[in-house]
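Chain IDs A, B, C and D follow the sequence of writing; residue 1 opens each chain.
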């Protein structure tokens, strides 16, 4: 325990955050809001990584380094995802995911 | 006399002893000390603008060669009362929130703005041992707080629900985030040499090396150019271009006092930051014997010097357009800062490992001079090319324009 | 570690209180004479038209993307910069490779005209 | 209950409540601002976990970069979402059920496992410098580090090409 806080508390918060983000991904109409849900899920993962680093191997660096790479991937995902949304918005004038079914044939 | 030597630290210790004598438990002594300390520190940036605005107005009156505060009707002797006058006016002014505004966002934007500006002061060393908190991530903390002011600008622009405000906010955010990259990269060059994020360590390292302004002039230049847009200073001022877009993102605020205050606090903080990173902070002669000298004399002089440079730039240069600012930051400052990191990294590592600080300083300086020799011809060539292009356009346009007449 | 941040926490609370107190106190002394015309949105007496909607240039948007990616790159370089004094020459060369990659991207965009923001 | 535990509860409450607001608010811009608040809460958790550098990175990248990007996207595409329609789609009940189920399974698993038996050690003072060393160490994370630069290069060119007006 660090400062009297058990590891489980962090894991529970991360699990809850992950599920809230997952709900956002599943239930929102707007594509931008869906991406916001994905960002919340990535945050939950990072909480887990850092918490495990702190509680299991504080002298090591693996957890922090992994968290850094998650940041890079999150930024890349946000950049490409939102660029796609903007491109779709420009051609189809919508960001509502339900309306984007051109590939269904 | 012994007490006066280290005034601030002694007052702090006296206060702690006073609380401990009163029989309070340790935890409460700590809480009260931290609270009072935080309050005192927050008052510094909130109160100093009253003096510095006066100074700035005198400077601008001299530069523009016009009547200054001394001739103001309600200014009192030497215009001393003008700033309090303005503050009272600002405080009692009617505050109309536009009916269509997003009330919560609209009202909390200035609070966020001021909060971020105050928070920066938590890690700035004001004298030997006089620092809010010597965080291990010191300077990186300040850099990441820059994100907060971006959010505040967006909140103000969005909350006003006014197309002018929103457009100006997007413009302002564009300049704010563009300067962030050269800012981080120039700070990174300092961190590389010092080997620590902590602000007192940066000052101590400059005691060992020379002032970083002399060791790494290019880094200092990039840093200076990137801190100008935070407080809205020309030539990088479109966050709030008074004469062009009225008041930028806070057009819809009838009381812009909070933004004005935050802007001034930012300018002060950025000046101190430059003085700390590149001019040796509070260090100076006799500071070991009389520590209070560092805060009152050396740091104040250096800060005032940096501020005067910023004001001179502001009041004597024209304003750049947003796209020109973005061109400067992305096509000049950012590549230059990246190359700067590469050059310094190579220069520092090609030296023998037992080289003393002075050898290293000279090596960094030589690397900077080498960079100058490469950068200046490139700039000159681009300038010539641009001028040739303009000449061509002018020649092509001339005959047709005559025909129209 | 936490002791260092305790002060920042207190400073945050103090700053929030000071920032919020000023407008609330000002509310007590200021005049309140709101008329509908005053609460309308305008700039230099130009009333805004309809919905707050302007066709914002998507170029600003590409600017934020470039910024975000350079932000991430800077965060990757910062720990290296901190450890620089203890590292060998070859790490500097690795980092220069990293930076050259980014510079390559920037120069490519520049050549393609993607850095003309307006 | 120690002071630190109370701090933990405050930070996690900020994070989770703000996250709930993010997924339920109708006004997308409010959702984005709540997302910023949520990110600040996570940064607070990192401070409690003694990872100040990651707390800084959290604010630096998420608040400064990703949130700004998302708010710009919202401002840009604002006019195309009909504000009278509900903020969620038809599968929201199913989504909520699935996620509540997943959440309870996760919490049940977390609580049912004995994670640590020893007290964790201290974080070394040069933790961030170690991170910097391992990132450029060929034995450490050098390959991912360089691959990251390739990733950033690819995204830089790809995303700009997609988003740019032609």
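The rule we apply is simple: contacts are C-beta pairs under 8 Å (C-beta built on N, C-alpha and C of every residue); 3 or more make two chains touch, one makes a residue touch a chain.
As the structure is a computational prediction, the values presented were derived from the model and not from experiment.
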Relative to the centroid of every protein C-alpha atom displayed, which chain's own C-alpha centroid is closest?
-> C
Consider the two chain pairs A-C and A-D; indicate the one with the greater count of contacting C-beta pairs.
-> A-D
Which integer distance in Å separates the CA centroid of subunit A from that of subunit B?
-> 33
Subunit A and subunit D: spacing of chain centres that average the CA atoms, whole Å = 6
For subunit A and subunit C, what's the span in angstrom between their mean Cα positions?
-> 21
Return the distance between the CA-based centres of subunit B and subunit D, expressed in whole Å.
-> 29
Each of the following residues of subunit C touches two or more other chains, namely 1-2, 5, 53, 56, 58, 60-61, 64-69, 71-72, 75-76, 78, 81-84, 86-87, 95, 102, 106
Going by residue number, subunit A touches two or more other chains at 3, 68, 71-72, 75-76, 78-79, 82-83, 86, 90
Expected list for subunit B, residues touching two or more other chains, is 135-136, 140-141, 166, 170, 177, 180, 195, 197
Using the contact rule from the top, write out all pairs of chains that touch.
-> A-C, A-D, B-C, B-D, C-D
Where on subunit D is subunit C touching in the complex?
-> 4, 47-48, 50, 52-53, 57, 60-61, 64-66, 68-69, 72-73, 75-76, 78-79, 123, 128-133, 135-137, 142, 145-146, 148-150, 152-153, 155-157, 159-161, 163-165
List of subunit B residues in touch with subunit C within their complex = 34-35, 37-39, 41-42, 46, 91-101, 107, 110-112, 114-115, 118-119, 121-123, 132-136, 140-141, 160-164, 166-167, 170, 174, 177-178, 180-181, 184-185, 188-189, 191-193, 195-197, 246, 251-252, 255, 258, 321-323, 326-327, 330-331, 334-335, 338-339, 341-342, 345-346, 348-350
Which subunit D residues qualify as touching subunit B in the complex?
-> 29-30, 33, 36, 52-53, 55-57, 59-60, 63-65, 67-68, 71-72, 75, 125, 128-129
Contacting residues of subunit B [partner subunit D, same complex] | 102, 105, 135-137, 140-141, 143-148, 150-151, 154-155, 158, 166, 170, 173, 177, 180, 195, 197
Subunit B partner contacts - residues on subunit C that touch it in the complex | 1, 4-8, 10-16, 18-20, 22-23, 25-27, 29-34, 36, 38-41, 43-44, 48, 52-54, 56, 60, 63-64, 66-67, 70-71, 74, 77-78, 81-89, 92, 95-96, 99-100, 102-103, 106-107, 110, 115-118
